[in-house]
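Multiple structures are listed underneath, in structure tokens.
There are two complexes below, and they share subunit A, which is joined by subunit B in the first and by subunit C in the second.
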Partner chain A sequence: MSVTAAIRDRDVAQLPSKRDEEWRWTDLRGLIRILPTPSLAFRGDVGVGPFDELVTRVITLVNGRGEATIDVPPGETAWVALRVISRGDGAHSARVTIQVGAGARLHLFETYEGEGGYLSQTLLAISLAEAASVERVVLAADSPGGVSVSQAEVSLSPRADFAQTVATTGGRRQRIETRVSHPGGHANLRLDGVYLLADKAHADLTTVVTHDGLDGLTEQLTKGVVRDQARGVFQGRIVVAEGADRTDAKMGHHALILSDRAEVDAKPELEIYADDVACAHGNTVGALDEDALFYAQQRGMPETVARALLTEAFVGQVIDRIDQAEAREVIRAWAAERLRA
Partner chain B sequence: MAAVKQTVDHVESLEKYKHGFVTDIEQDFAPKGLNADIVRFISAKKNEPEWMLQWRLDAFERWLAMDEPDWAKVSFPKIDYQDSYYYAAPKAKVGINSLDEVDPDILETYKKLGIPLREQEVLAGVIGSPRYAVDAVFDSVSVVTTFKKELAQVGVIFCSMSEAIREHPELVKKYLGSVVPVSDNYFACLNAAVFSDGSFVYVPPGVRCPMELSTYFRINAENSGQFERTLIIADKGAYVSYLEGCTAPMRDENQLHAAVVELVVLDDAEIKYSTVQNWYPGDPETGKGGIYNFVTKRADCRGDRSKVSWTQVETGSAITWKYPSCVLRGEGSSGEFYSIAITNGRQQADTGTKMIHLGANTRSRIISKGISAGRSSNTYRGLVSAHPKAKGARNFTQCDSLLIGKHCAAHTVPYIEARNGHAKFEHEATTTRLSEDQLFYVMQRGLSQEEAVQLLVNGFVKDVLQELPMEFAVEAQKLVAISLEGSVG
Partner chain C sequence: MSMLKVENLHATVDGKKILKGLTLEVPAGEVHAIMGPNGAGKSTLSYVLTGRAGYEVTGGTATLDGEDLLALAPNERAARGVFLSFQYPLEIPGVPALTFIRTALNAQRRARGEDEIAAPAFLKLAREKAAALKIDFEMLKRALNVGFSGGEKKRMEILQMAMLSPRFLILDETDSGLDIDALRIVSEGVNALRSPDRAMLVITHYQRLLDYIKPDRVHVLAGGRIVASGGPELALELEAGGYERYEKAAA
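On to the complex of A and B.
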């Protein structure tokens, strides 16, 4: 069962369904009756991406087409915007390979920009050599009719540093999956996410981190706000293999449900085979704190303003963790615009 | 410190598995294997009415069409369902009225069991023995039910399931299978087809059951699966506390235990269900033998403001696979789940709970403490869900895992599904090992390493132990210590 096989073989039966435990809340098989025909090349203008001004190189993949290799030589620093664009109602799949040499730095700003009722898959293979550092900021703006699956396989080396923040408004079905192979060796990993969902949007943030060696550090914080009939999904799994002692892993997921018909599903998992570890996860789901709302209104704020302020502060905690200042402000503006709407 | 001293003394007095002995009494076996004729045989053996036989046969039909589930984080050789005995009764004695008629060997067995409950005193008729009503299930057949008269005076029905089928068919027909439907899952379906006996409790409206009800199961016959079926109904405003304790003799062949427990709670009623499970866990070195404990336990809080509390101490069994659940249907109903699961040697446990919030203002609380030692694996798996109508639903979950040793595993797999904007769910989990600092401190105060571990572990599980009824709490504390024997050093 894989999206890759389904698109390649044009076989709808190979799409993952809710019977597959890892996809129980993101059922593609039940949603897609007939697999779309392969997407045609798109010749129109795709405009400017939100991060284009911050980088020295822009890679644009339209309907699965285009060059997609990023290679940062040892010791160098690169600023790259990766735009994954979908247009129309077809199915397409793109592959991206990213290699970051020893001691090199990569600032990767990735966007998903969609229009239409497409089925899009993006596979990313990201490898970090020793002491390499990557900050990946993903802004996913799929269309309300689009089905999008992004799957990244990240492989870390000792003393590497990988920090990721995913910001999404969802799609008809959208899954952003990150699998990290963590060798320990004082490598640092941060996996964050923000989902702001309205109408019938669906977003699924899935992460799997496997610690294989001594002294690994993982921190995760995901926050979401859902309204209308939207559905937010968070699945996080941290695996600590036998012998991966002195692993320190923390995972947090917190969601606000702002309407009666919205839904949040979460599964924060720990799978531990070593005893000298400190692992914890926390998960909360609920409405906006009525007391805080009352307090803000009492200070003279209209209710709508008070709500926007409180929800912005709620997700702001994740956005604050983005290292690169300009990218952080792009995401902050994006969140404010959606929460004040 | 008295309790700790007691624990230590108890551990010292212990040889390996204390309850590993076999009582040799004449068994009345059904032939090996499973088919419709065996189901008929069991039904006939128990003099069941036709409707019950039909119910069983229907379940058996459905079971044939089902596949054995494999999603739990446990592994075991494939079970050959045709290689087991599905019915073993102690040699039938018609109409046991007094304890004198009970097979002396059985009484001897109770004596050997020692502490778990004080039933043997009750069974032996010791004057001034504590007032527990015991429905002892000895390899599938309820041998004797004490205190039945006293309970009858307040209208409480406490008897074996087979008796309930004969004496109270209207209640059984109304409630049996209404919480755990026949085809709910593979093992529950198998149970529905071949269940041998179990306990039945009905507490009438407004009655507070005057004593703790207790039962315990003991798997005795070689290769005989035990399939109890328990049904407890608390009518409007009623209260009952039910204790279940288990021990089983040492055995080489794996034994299958697939019980079903159904609780029905009506308006303003409350059921407290406590379990201490101490079945043979298999050989600590090889993992050979040991009980497969695949149990379906579910409570249906049908009434408004009803309440269910599950407390479990799981220390035994080679494989434990159970999720005592609460369906919170009634408005303002609440569910609680307090669990200690300890695995050592080669044991595997996949256990947790489901809190399904259907009604408005329903509340639930989950406290789970898992301890893994040796080469064992311990998984907490739980579901908390709020449906769109469950406005104001509230859940708090805390699951902590403690690892003792380099080769054990602890997993936490919580599922959280919130489908409305007025539910509030909180979940927190931690996984750690015994703190070196604390161990050092305690040992510095003069305790041996083993004692120090016991003390710290007892502290770790205290939140749950204090939820147990008094008479279980002391026993459970000892059990915790015994289960972790030899896990350090």
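On to the complex of A and C.
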């Protein structure tokens, strides 16, 4: 089952369905009865992206047109904005290849910007050579009618450093998937996420990390706020293979549900086949702390202000972990705007 | 005229009657102590006056300067100058103390139709007040109360009090969890706020705090009502004789 094959063959039967364990909460087969026709090329103006000012290169992929390659030579530093844009009601897919040479650095600011009722898929293959470093910040602003699947395969080398933060408001169905092959060897991995969902939005953050060597570090923190009839899905799997001793892996997922009809489905999984491993995971789903809310109101904050302050602080703990200061402020402003609405 | 006037106040928590006809007046410029045994309704009184959800008023009135307090939302009461120093101050993860206090102060100012305080003036004020309470200014950049000791949390309450400059102060068991040095610092902070146009209600189980914050009047709360009132000597008498005879009187 793959979205790629379904779009290529215009065959809904190949879409993932709830019968596929990994897609049980994001059932595309059940949603899409007829596969949309291929998207037409879009000739209109797509404006500027939220990160354009921070980078030296902007790659724009509209309706799946164009293949993008980012190649950072050893020792160099690159600042790239990758804009994946969907316009209209068709189906399309795009492919992005990213190679970061030994000791090189890449600041990758990726956006999904949608209008319409499209089916969009993006495949990213990201490889980091020894001691390479990547910070990937993803701001996903799909349209409420859009179905979007982004799948990244990340391959790390020893001493590499890969840090990712996904910030999303979801879509009609949206899946942002990251699979990381972690060789250990003092490579560091951070996989974070923030989802802020309202109305009928759906966001699925799925990560799979496979530790294959000694001395690997993985840190994951995802937080979500869901209201109305929105649905958040978090699936996080960390596999520590035999021989990947001294792996240190932490996973946290915490969600606030602000309405009776909102839903959060979470599946944290740790599979450990190695020795001397430090693994921890925490998962909580609940409401805002009423005692803290009263405390803030007693000090003079109206309830709406108090709620916004506390929810911003809740997700702020993820946003604070973004290394690049300007990108961090873009995401912080994005969260503030959503939460104060 | 009394600043706070509580008449025949009845309140329930989870359907259980806690306040059963409490009457109390605190004039401007005075400090009144409320003493009483555990379970008498001391904390309930503080929460009813500040409007906490779950504390249901079933009868009686409470006014501040003649205005019905009970009809106002908690933040509206705060904007009119009601401040509660919590027995157990809450931890607010992810919100630096300075951000929390500035947000509260500006919300109060907006509610009163005043301009927001400018950032430099706010920081100057925070530095002054923190120094007076021997609070390291760096601590104000950390998440409010998260990982703070009991004494630090109480000092942070007094700092907020000093910054927000309320008119009617309720101190709920402010001495609990404080060693003698912290108690002295906190009391000095409270005493610095005494003024002819402010009033205070000091709720305490023990007389010790009243050695530092000297009350004008002392009331004994037992069984949900004020059962005795007197001068500061009443606190000493309670310290020596205990609450037993008042509990019997209330029963």
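Quick note on the criterion: the second predicted complex is superposed on the first by the 340 of 341 C-alpha atoms of A that agree within 3 Å, B and C clash if a C-alpha of one lies under 4 Å from a C-alpha of the other, contacts with A are read in each partner's own complex, and residues count from 1 in each chain.
FYI, contacts are C-beta pairs under 8 Å (C-beta built on N, C-alpha and C of every residue); 3 or more make two chains touch, one makes a residue touch a chain.
All values reported here derive from a predicted model rather than from experimental measurement.
Enquirer: Clash or fit: subunit B against subunit C, after overlaying the two structures on subunit A?
Expert: fit
Enquirer: Kindly classify A:Leu309 by the partners it touches after superposition: subunit B alone (first), subunit C alone (second), both, or neither?
Expert: second
Enquirer: Should A:Glu269 be classified as contacting the first partner (subunit B), the second (subunit C), both, or neither?
Expert: So A:Glu269 only meets subunit B here.
Enquirer: Given the overlay on chain A, how many degrees, to the nearest 10, lie between subunit B and subunit C at the CA centre of subunit A?
Expert: Here the answer is 80 degrees.
Enquirer: Which chain makes contact with more of the residues of subunit A, subunit B or else subunit C?
Expert: The partner making contact with more of subunit A's residues is B.
Enquirer: Applying the touch criterion given at the start, work out whether A:Met301 contacts subunit B, subunit C, both or neither, answering first, second, both or neither.
Expert: Only subunit C; A:Met301 stays clear of subunit B.
Enquirer: Compute the least Cα distance separating subunit B from subunit C in the superposition and give it as a whole number of Å.
Expert: So the smallest C-alpha to C-alpha spacing between these two chains is 15 Å.
Enquirer: Within the complex, which stretch of subunit A touches subunit B?
Expert: 21, 242-243, 255, 257-287
Enquirer: Taking the touch rule as given, give the residues of subunit C at its contact with subunit A in the complex, in rising order.
Expert: Within the complex, subunit C contacts subunit A at residues 50-53, 73-75, 77-79, 83-84, 86, 89-95, 99-101, 103-105, 107-108, 111, 143, 160, 164.
Enquirer: Using the touch definition up top, name the residues of subunit A that touch subunit C in the complex.
Expert: Listed in rising order, the residues are 289-292, 294-303, 305-306, 309-310, 312-314, 316-317.
Enquirer: Of all residues in subunit B, which touch subunit A in the complex?
Expert: 71, 388, 391, 401, 403-433
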